[in-house]
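The two complexes that follow have chain A in common; it is paired with chain B in the first and with chain C in the second.
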Partner chain A sequence: MLRQATRLLARPAIASSSSFAARARSFSTDLPTAPAEDSTFIDAWKKIIPNIDPPATPLTFMQPRPQTPSSIPSKLTVNFVLPYASELSAKEVDMVIIPATTGQMGVLPGHVATIAELKPGVMSVHEGNDVTKYFISSGFAVIHANSFADIIAIEAVPIDQIDPSLVQKGLADFTQKLSSASTDLEKAEAQIGVDVHSALNSALTG
Partner chain B sequence: MASAVGSGAAVPFWRAAGMTYISYSNICANMVRNCLKEPFKSEALTREKVHFSISKWDNGVPQKPSNPLSLSIVDLFFNLFLSIRLVAKKNCEEKEEELKHKFIIA
Partner chain C sequence: MAMAAFRREGRRFAPLITPRPIAAVRSSPIPEYGLLHFTVFDFAFLSLQSQYATFGHGLWLPKGPSNLLAPLGVRSISTQIVRNRMKSVKNIQKITKAMKMVAASKLRAIQTRAENSRGLWQPFTVLLGDSPSVDVKKNVIVTISSDKGLCGGINSTSVKISKALHKFTSGPEKGTKYVVLGEKAKAQLMRDSKKDIELCITELQKNPLNYTQVSVLADEILKNVEYDALRIVFNKFRSIISFVPTTSTVLSPEVVEREAEAGGKLGDLDSYEIEGGETKGEILQNLAEFQFSCVLFNAVLENACSEQGARMSAMDSSSRNAGDMLDRLTLTYNRTRQAAITTELTEIISGASALEG
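What follows is the complex of A and B.
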């Protein structure tokens, strides 16, 4: 109950200064690139210890956040990662279709910055005339304003690695469990089973 | 978790049933792994194994750990998740204090 308190207290403050210009914080993609070095620190160091190079700070090791380009780039850069492997790393593609919970979402270069939760389904990567399809178990897709897309999933398999007979068997099992489930948790588990297996089925047939 | 409904967001059915996103996501991944063709399936099943050992602490002293277990994530969630919830709840009722017994998963 009290968790909502900070949100409820903050709401009137925002409503009273309601224009976007008055917002204290801008989106991270609208900020200018953070400088890699702190110049005041380096100047102070050089005054006191001119003979030794200033130490490197973590910021100098980081690659600067890419600026949002003023014109829409021609390609989308995709980073598709799994917990055990990096499937695609900074790959330039034309379009990616991701299975978001709100439906299949096509992501083109210049897509508005979005965070989408993914449901079990097929993700296809379109590069020229090649289309690579993966079945994703679930995950998230974070699309940045500069046409970079980070897609993370726990399991992603090419469609030809899926065994149709096991899918049918699983679907039948879980449909039966769904009708015979008693507790909430069992019902949820069975419902997840039915969802995943029907998605696998449509991936195999579609 | 049901307080999310108060702020107007639709709660997914698994969260309404008490499951967290991580459990939901791991269950989906397991179901997908179980539907793979043979050579891929055995490689995938090795990824699913979780190694852990549990030692119960009593008055700041760890007791002997139970046998180090190696379970698949599905067994882990359905046996351990439910049993830890039940045991923690029972302890609260017995001692009238929040979680006097702590489970440390090493």
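What follows is the complex of A and C.
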């Protein structure tokens, strides 16, 4: 039922734009990896609960990702998402530099598959000669073998929107709070504040 | 609900539509009502007056199925009751129309945010896959519903799917618990699954939904509930008239490792290098918690959209029903009014002609 629906939906989409169809059929490695929905779940559900339709699962709502190509692609496809917006979705870039907990990490097409936890810092997106810099609060970055990079952060601001005076003030506040903190929780919160503000500081200067 | 009440009101008027023949009223024996002796002209006056005044004392109403509607002593049914009912139906129509517009404006506000948050859960599903048929011991079903009612059937759908998931994941040595968000699901689940409910959270939308609030909520849930797999049940907003019940599964880090070793969709998780000084287990733990808060944020927004959309369509059909009811009442009103006038005229004329001839 659901499988046919997705197939019916996909067929006119492919037939409508011929260029897309040509691109889609040229490489077999571009075909989607995962099936449109989870057939094992649906079968198991129907066995136990035949009267109610099974609920949809996230796989039905997802755009499938292409397979790992045999040769290294020329561009890196970046998805940069925040809870409130998708800043970059499927944007093809040359390189991104992400602030992982181990330091700044450059990601080029063909990078080995990685899961990286991010610390507050500057992320820069290099596309030809343009460089866009964002300051991100922490998050995760996942680099897949097919040169897709998913960067999930909670907050991101372009560097030029940060006010240096407020950064200095915040840094001073949190350093003072850290020195006067009594419980572990307060110490941890103050430490986080200090880390974020010193990262903001170095982002503005560096 | 409101619609059933409307239907009941409409049925009450069915006996009204067939007007009672005059002769029957005059000659029917009325021992059980008694005491009232009126002449023909008093009848006429009374029926004229009763159109504009309330019932005076001393008028006895006949017992019967429509006992409020056919007062004795008055030739025809008073139009006062019909008018009262028309007024109340018109007020209901106004209220439901206003509620529909309020829901439409709230939907507009929250729809953009829900669509923007759709990118949030996709990276996790790409990395970790989605395995709703995973076999684990401790399942926790997080049911998301609304606090306010009058929103159609979406809350019942969520509860139905949650109960079905409970049945799906139950088995020997397996335990399934509920975490309930929202009053409506809480009311429905308390009735038969009270002992399975771990946590109840209400008044989610008191302040506008934001990620900070939801992440604190997710933190609370993860702290207080032991889980191997979390299944979030919500209504995904596809369009104003279409809401798809959906379930997202978030696995605990131990289960992720187990599934990765077993192969299948998570099999190539090991091929991912871990960048960071911590161990793989710690990274997976952080990842699982982050995934839960992201998926919960999107689910709560989608459910709120679905709630407003369902409320819009429910209020729209209420207004339409009220309009239909108002049309029927207007016809009845006009008919009874004209019947009363005709009756008076007939009696006056027949009385006058009796005097003459």
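What we mean here is this: the second predicted complex is superposed on the first by the 141 of 206 C-alpha atoms of A that agree within 3 Å, B and C clash if a C-alpha of one lies under 4 Å from a C-alpha of the other, contacts with A are read in each partner's own complex, and residues count from 1 in each chain.
FYI, contacts are C-beta pairs under 8 Å (C-beta built on N, C-alpha and C of every residue); 3 or more make two chains touch, one makes a residue touch a chain.
Nothing here was measured: the structure is a model prediction, and the numbers come from that model.
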item: Dominant toucher of chain A (residue count), chain B or chain C; value: C
item: First, second, both or neither for A:Val112, with chain B first and chain C second; value: second
item: Chain B versus chain C as contact partner of A:Tyr84, first or second or both or neither; value: both
item: Contacts of A:Met62 with chain B and chain C, given as first, second, both or neither; value: second
item: Touched partner set for A:Phe41, first chain B, second chain C, both or neither; value: second
item: Partner chain in contact with A:Phe135 - chain B first, chain C second, else both or neither; value: first
item: First (chain B), second (chain C), both or neither touched by A:Gly193; value: first
item: Which superposed partner A:Leu166 touches (first chain B, second chain C, both, neither); value: first
item: Which superposed partner A:Ile154 touches (first chain B, second chain C, both, neither); value: both
item: Residues on chain A lying within both footprints (that of chain B and that of chain C); value: 84, 139, 154
item: Chain B residues touching chain A - in the complex, by the definition given at the top; value: 3, 6-7, 13-14, 16-19, 24-29, 31-38, 40-41, 44, 47, 78, 82
item: In the complex with chain C, residue positions of chain A that touch it; value: 34, 38, 40-41, 44-45, 48-49, 52, 55-59, 61-63, 65, 79, 81-86, 89, 100-102, 105, 112-117, 139-140, 142, 144-145, 148, 150, 152, 154
item: Chain C residues touching chain A - in the complex, by the definition given at the top; value: 113, 116-123, 125-127, 129-133, 160-161, 164-165, 167-168, 211, 233, 236, 244-249, 265, 268, 271-278, 283, 286-287, 290, 294, 297
item: Residues on chain A engaged by chain B in the complex (per definition of touch); value: 1, 3-4, 7, 84, 120, 135, 137-139, 154-155, 157, 161-163, 166-167, 170, 184-185, 187-189, 191-193, 196-197, 200
